[in-house]
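Two complexes, one shared chain (chain A), two partners (chain B, chain C).
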Partner chain A sequence: MRDKLIYGAGIFAALYFVRNLYVILLQLPDEAMQGAVYRIFFFHLPPYFTAVACFLGAAIASGLYLKTKNWKYDVFAVSATEVGLALAAINLVTGMIWGRQQWGIWWTWDARLTSALITWLIYLGYLMLREGIKDPSERAKNSAVLSIFAFFAVYFTYKANEWYRTQHPGPVLTIRTGKNTIDPAMQAMLFHNLGAFLLLAVVLVAVRMNLEDSQRAVESLRRRAHAIA
Partner chain B sequence: MDQRNFEYMFYGLAAAWTILCLYALLLTSRGRKIQSEIDHLKRMLDSSPKK
Partner chain C sequence: MTYFNQVFAIAGKDLRSELRTKEALNASLSFAVVILLLFSFVVDPDSEMLEQMSGGLLWMVFAFSGVLILNRGFARELPNDCLDALIASPIPGSALFFGKAIANFALIAIIEAICFPVFGILYNLTWTAQLPVLVAVSALATWAMATLGTMFGALTVNMQLRELMLPMLIYPMLIPALMSAMQLTTLLVAGQAIDSEHIVWLRVLIAFDIIFTSLAAVLVETVLVG
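Our next item is the complex of A and B:
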């Protein structure tokens, strides 16, 4: 039943993306200054917010793991972190491509870009830390602590272009600026693509959680095999 | 859509989908590897003499 739900949600997410791509490429007008390239924005901001949701979910699950020592929270935390890392990579790479066209450079060490890269590296470190600790309970405890502290880097990245003068553009969404700084049709499309990315993230986290459960089954079978041998 | 800056838009969208597809492939390949390891370990445990 659970697998059917995952497949169903995956198909729905794929269809949602097809619909969104149709609107993004064929219906929305070009941006006056940027031409066609502004459409990268629909694959830059939604993955970022989805990654933030994944990292927040991982931090909450890590806190719950430390409180209850229930394995399912650790499984969720590592799965959400890995999916968040893939989405944050999309955010970084699409931002670089947009920057190359608009600024003439691939990268600049401003507060927003630098903190986004550091955040990505911290979460990569989280996964490497897990690989390095063999004892399951030590691994879960240490990585839970790191996951909670790593979320401060996510918050810093979010606020960086308010706290510092950055080359990265400031907020454009009406909910953050309180003004109509973006065409309503473009803003609506951003939220639609955010919906599609969130749904995709739910599917990927569920698939990754299944893998983590299978990995634990392998470790248990290995222990039994060692005991017999 | 006009053709102004179309090339970089294409690169951006292609990069996003490439990363997503690579991650999905990675998950699939890990799933297969784990499943074959489970099958191997189960076979090994079934064939081992019971104590």
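Our next item is the complex of A and C:
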């Protein structure tokens, strides 16, 4: 039943993306200043928000793991971090493609770009730490602590960098700017794609959690076999 | 034994055993001098550019050589199961953490105290114009390295790839602190005071120290005891 729900949601997310792509590519007009390339923004901001949601979820789950020592939270934390890392990579890559087209360069050491890259590296370190610890309970405990540190560091780096002037464009959403500088249809599309990405993330995290569960089952069977033999 | 006695007992023990063997200190110091030498090939040693890069160069040296010291912090306790004995001893985990952090801080500070004059001599720079402020900024940034390094040393102590994992984990996290230290050190080495434009870096550094010291003090018990 749970699997059916997950795959059902996955199919729904896929259909949602198809519908969004149809609107993005065929219905929305070109942007006044940038022309057609602005469309990549629908695959730049929504994955970023979703990735931040994943990392926040992972940090909260890590805190709960340390408090309760319930494996479920550790499973969630690693799954959410992996999915978040993939989404953050989408954010970086789409940003670079846009930068190449608009600025003529793939990368600049601008505060926003740098802090996004640092975030990515910190969470990559999280996965490497997990790889390196054999004992499951020590792995869960240490990576939970790292996840909490990582979220603080990411927030701090982001804030510290905000005091710089950046080449990265400023906020566009009405809730951030307080003005109607963005076309309502384009803003609605951003939220639609954010919804699609969030749903996709939920599906991927659920699939990854199943995988982690099976991995743990195999590990414990193997340990039992060693104990008998 | 009061809390402070416990902290200083641990710090004293670490410093004594390090200063008697000097295994991390010697390695770290010679490594630091080698990097200082290598930088002369990166940038023309007589140019003005060097002065503009001085903070960056110095803190790269301290970050690289400091990790060698930080790596030893908890690894020193592995032979003879000393770590288990320390954890079983009747002191709180945070006292153990602060003791080790203070010892690491002192050892990295020794490296810095030697590297600044060597840097000044090798590259013909007068760096002492703002000495008291420079010392204060270095102390803040070194404390940032010592707390994060000690905490992550505890996280990675049982790993096989410990020596690789520690720098991989702490460099990205240290970036706000290192960035501030680099900006301020460049300014101070050039003999200028911290002006209103640069005060933000000092704030970042202080905030970094406060946030991560308190976070580490809260979480270290969990890491050590479980």
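Methods note: the second predicted complex is superposed on the first by the 220 of 229 C-alpha atoms of A that agree within 3 Å, B and C clash if a C-alpha of one lies under 4 Å from a C-alpha of the other, contacts with A are read in each partner's own complex, and residues count from 1 in each chain.
As a working rule, a contact is a pair of C-beta atoms (placed from the backbone, for glycine too) under 8 Å apart; a residue touches a chain by one contact, two chains touch by 3 or more.
Bear in mind the structure is a predicted one, so any value in this text is a computation, not a measurement.
When both complexes are overlaid on chain A, chain B and chain C end up sitting side by side without clashing. Shared-chain residue A:90: touches chain B; no touch with chain C.
Of the two partner chains placed by the overlay, neither chain B nor chain C lies in contact with A:52.
Using CA centres, the angle subtended at chain A by chain B and chain C is 110 degrees, rounded to a multiple of 10. Once chain A of one complex is fitted onto chain A of the other, the partner contacts of A:214 are limited to chain B, with no touch recorded for chain C.
In the overlay built on the shared chain, the residue A:137 is in contact with chain C alone; chain B does not reach it.
Looking at the shared chain after the overlay, A:128 reaches chain C, while chain B stays out of its contact range.
Ranking chain B and chain C by residues of chain A touched puts B first. Legend: residue contacts after superposition of the two complexes on their common chain; A:35 is shown touching chain B, with no touch to chain C. In the composite built from the two structures, the nearest CA pair linking chain B and chain C is 24 Å apart.
Only residues 25-26, 30, 34-40, 43-44, 47, 83, 86, 89-90, 93-94, 97-98, 100-101, 200, 204, 207-208, 210-211, 214-215, 217-218, 221-222, 224-225, 228-229 of chain A touch chain B when the two sit together in their complex. The residues of chain A lying in touch with chain C in their complex are 66, 118, 121-122, 125, 128-129, 132-133, 135, 137-138, 141-142, 145-146, 148-150, 152-153, 156-157, 160, 163. The part of chain C that touches chain A in the complex is made up of residues 151-152, 155-156, 158-161, 165, 168-169, 172-173, 175-176, 179, 200, 204, 207-208, 211-212, 215, 219, 222-223, 226. By the touch criterion stated above, chain B contacts chain A in their complex at residues 1-6, 8-9, 11-13, 15-16, 19-20, 23-24, 27, 30-31, 34-35, 37-38, 41-42, 44-45, 48, 51.
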